[in-house]
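Got a structure for you, questions after.
By letter and in written order, the chains are A, B, C, D and E; residue numbering begins at 1 in each of them.
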């Protein structure tokens, strides 16, 4: 059963395993890695009914599931590892806020992988990632089949790396760290968009720039929603006295916490730079309007009086003595020119020219 | 006795049972469901004087009252189940903030059912719902006779469902869950209104759009008032050590808490999208005004000088040598045209054309 | 000694009994009610020197003082009931923030009675009310001689009412409740002013509306200052373990707390509605200005070119072949009309007409 | 050594006794009062080297120093009373935030005396006042030689006053109270400036008013910086279990705390009134601009078409039959007048006239 | 390995020693000072492989490293003093938020040295400074080779100074104090820029001023990001019961805390002054536009009617009796002049002139 939003699900009993979210048209793909300091075994495209045979091993086991549309996978994971139905329900519904839930035998973490779309404009892509941390297992569910964990696979191949020598809590840390590191990449691509915008705003405050600014503002809001709950989540982890987490690894979680603080700090400063750009844009529109008004007023104030005078001597009265005077016409040109010059001096003094 | 607002009630002693709120012209309708894992008995249109005969049963009893205008119902409930008069007073007054009150033998919860009106515009309807949770009873009071609990009735018919196997605390949870799920439906209908607005704002920022935006903003404010107190209410429930709530069910209350956080999160993000739309609207008005000014200034700056020159040669002086010259007229046309072209080039350089 | 503001009092030693505030030209009027479940004795216009004879009674005694200008009343109360001089000083100075102070034998509470002026405009009136709660006494000081406590007198006459059967703490509750109930009345009268404003704003955003809006905004600010400290005050009372307050009555204080939360909630939502109205007003001014500009630009863009052409054929050159042509004049009218039509089509396309 | 700002001092070791601040060109003036219930001895213009002879008395000793430029005074005080060098450093540097520091034998308090300048405009003057409270001594340092403590001297002369009968903690209270009372005076003088501004803003929103508003806003910001830390400072004092403060005196400190809350409340409400004035100002500018535009548009829309028609009949074509008609001229006047009337009706309908 | 931003590092295992930040093209320069009350030994340009020989001394040892590009230095420090790899990683990455981390044997502090660029405009320079505080060692890493610690070197030469007599915790304090003192210098240079801006804004609100204002606003945002975490950092230090910090020195840390509060206070007040300037700027643009409009409207309202009248008598009708009247022309001038005067009086009454 697949639904598009949480609203469509209202009325179903809690714990109903239904995939909520965009359907990404990928069948759920299970890959399993088992390792310790000496061994590393990789299993690709495991079938969900075979999951039970990876239990009862002495190795640390990482089960990764890409794609959530096949709800039977979550169901059998739930069955094998005794996961609470509400957790399974949350894993399948892709509109979660990042959160941490502690159960007796496991921790459940959900957070968002974020990436900036490569093509024009600034549009973020979200990938909901659920992490179940058990004593000897880490189970991850990813909404999309992207490369978020590629670097982890790579580092795992190094038998001397810390990851091979430590438990499942360190693996979970490494996964979180990989996800949070992606946020810095997004921040960098934002920098690359905002800086040229700031420059072009000063040169030519076109309306398109405002729309781009507002688009970035919108994306910043949604990114903040996905990132800021991590602050509390990670400080909860650090204060936790759960035996699944060793003291030594908590130090590493503190390091991610610090990274998240840096990300939220810089989101906040992007927000403030956006506000500054918006203020500059608005005042520059006012300035331009003032400029336009001045041009109009200059033309009008110079030529309207002159046109009136010309109109006067275009009248057809029989008795207009000036019309007969021989020098009247050149004298009038003198009047025209001097009136114009007086106006120009006046405008100059008003700093309009 | 029926009153329209809390103000009309000032001066009455506390605990006066008076229905405060719009009168919905429905007589209070009592329906009772009694159940356990094996049995399910439903009683419709129970008369309030018969309530006592549903006590002293081994079954879980859910008493639902639709409509608050008959204050005798609340009175007899209060009498049968020993409910504090202040609670009865609050149940009948429909301007409550969502809140939780713990009494010795029961919990009193009040919250708002919210639905979006089906027809044009975005207008929310509120339905105050009071829940009394006792050891073996759940008593609900609904201001309106809507379908808010239909899905619960449906699920209750399933003898293998969790609801039939657990106590009154799980039923109360299921009711809250049904109410909060409706908030997601409202959120979805908001999405359906905001997205086309955002598009049409970019194309044609008409004044009607601003008024719709402000109307939505107003509704968001009132919805937030009804939803945000639930956050604290639900975290109070979770921290409570009240024996009416089993540890197992508290897990489910935590799930509603999480849903409420998602709703308030999205209300906040709607608010921010509304703010963005308003900013776009205002700057687009400024842009349009600037555009209008430019058109005016272009016409004026081109034709005002030309009209002056034409006025000069419309003067009737006797001695105006140019008037006699054979080529004066075509030459003047040349002056007209070249002056116009110079202006156009100047405007082009100013990026006004 | 009477002073107009706290500033005039700077330099006096603390505990100086001076009435600070507007002088309301009423002599202090003392009325005393003594009651228990069986008896109710009322004494009007008691003289302050007779106060001592109402002590040492088995009845609950409520002493109410209307008007603060006669400082001897406070002095003798202080003397009879051993009240701290700082409390007496605060009772007489009418610029207090609502606050609660616990002393060994009594509680001192000060809050503001608020009423909306009946005539045009929205203007609030404040009445500082001090409540001293002792074991068997309640002493109230009111700045003005208004009807704030009329409903209490009325309810007290009912020998079966809760008030007659309980102690002084319940009387103090009833007084607070009466004061807070008045806030709902103010809220209602605000509603009656804001709703027609919202409607007329959409029809005709006149400048007077903005000034009324800002006036309401100012009153909301001052009302919030008088109401919001009550939230903390009432939660302090509820957490208090003072023996003057029985557990049973604390439940009632919780009820007032809830009422205050509803009042502050609705003040907040008025504030937000006012902000919305202001935004609508400002954008409607911009819209109107744009409209004005358009009318001007339409006239100018149509007639300025035509006037130029007419000016050209008003020139007096001897050699202007067109002037001789027989059909020149009607042809020119054709030019006039078609130029005008082209302009109108252009403006139509720009959606200006 | 004297410096103008903290920045100039960077690089010096901590505890360097340097006067930082404007130099007020007064030599430090020491005056000493010793008192108990029976005795009161006053010493003016004490020389700093004689300070030691006022120690070891049974009386309460208050040493007041006006002017900070002579750093030897602080040095000898530090030496005699064993004051921490960081405290002495802070006393001499006049850019402190109000703060409280508890040391083993004494309390160190620093706060700002504030007064409004008497002449035109609203400009605040600050006077840094440091208070050292020891068992039997109060030592005060004032940056300027103003009258801040005059009322204290006066009250001290009264042998029956509370001050003469209590310890140094009450004297310190009285000094703080005198300083905070001055804040009310400043608030009153603000009222006297804001109220006429509010009135004249409605009549004639001149640019000078905006500048005055912004000037007041700036002063409010700086005053808030000096007042708001006092809230925390005073609640720290009240929670303190320092033996220098008797329980009875703490009641009085609570009273100052309440005064500070009233001051910060009213600063906040001034800030909001200023914001309202600014909003009124801005919208009135927009209204005036709209008014100006309307006048222009009215003239233009009436006369531009008429001028065109007059221009047409000023053309010199040989064949213009209307020119020959006897009634053409009066008929045209009819056209002029009726066109004008039609325009006026149209404008009237648009509510522009 | 050198990278420009944290983003480029995503994918590397935690604890990878990589220098992140602008490369300042300086090789890492190590200088070591060893001292106690009697001795002071200075070693310049120490080679990183020789570090071990400075251990096991009885003196307090301060190792300062200027420049981070040579990652081997951090590596050997980590090796010699047993520093956690995450700390070393943070030291080398120059995009840290100020923070404090407590480890078993040492404290790790990172903060930002800030200086204002000397040339035109307001542009801040940041220098990341890491401080490791061990029992007998202080190790500092500076991103740039500036003079931040010059005053410390100077004071250290004084054998009677506090620094020579106390432990490593006082040295760390002195270093922090020197860094924070620099913030006051930055504040002063801001003052020197803002004050003339405020003056010139009132005289001539040019667009350049707005851009400068916004530039300052941007710098204030980034400076606040670097300073405000210090508040929490320093209050954490003060509450810490780490044995590395003596009670006596904590008093000094409290002094820095106070300085940081003053800096953040003044940053906040700069922000508010910037906001005031922006408001003045925007309203002055509106005023200027209104002024421009008035000039235009004055010219138009005076001359447009006159031009129409002149146009009327420029018409060529055969029967226009006025044209024959002998006094028509002077009478018309009278009409022109009196119409003009009436207009001027009207405008005067409207306060436009």
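FYI, a contact is a pair of C-beta atoms (placed from the backbone, for glycine too) under 8 Å apart; a residue touches a chain by one contact, two chains touch by 3 or more.
Because the structure is predicted, anything quoted here is derived from the model rather than measured.
Under the contact definition stated at the top, no chain borders both chain D and chain E. Any chain that touches chain A and also touches chain E would be listed here, but there is none.
At the chain B-chain C interface, residue numbers used by both copies make up under half of all numbers present, so the two copies contact each other through mostly different positions.
Look at where the CA atoms of chain B average out and do the same for chain E: the two points lie 42 Å apart.
Look at where the CA atoms of chain C average out and do the same for chain D: the two points lie 26 Å apart. Shown for chain C are the residues in touch with two or more other chains, namely 286, 289, 293, 296, 300, 304, 307, 311, 314-316, 320. If you draw each protein chain as a dot and join the dots that touch, you get one closed loop, with every dot joined to exactly two others. Residues of chain D touching chain C in their complex: 150-151, 154-155, 161-163, 174, 177-178, 181-182, 184-185, 187-188, 202, 251-252, 254-255, 258-259, 261-262, 265, 269, 272-273, 276, 279-280, 283-284, 286-287, 289-290, 293-294, 296-297, 300-301, 304-305, 307-308, 311-312, 314-320, 351-352. Looking at the complex, you find that chain D touches chain E at residues 5-7, 9-15, 84, 86, 90, 95-97, 99, 101, 204, 207, 210-211, 214, 217-218, 221-222, 225, 278, 281-282, 285-286, 288-289, 292-293, 295-296, 299-300, 303-304, 306-307, 310-311, 313-316, 320, 322-329, 332, 336.
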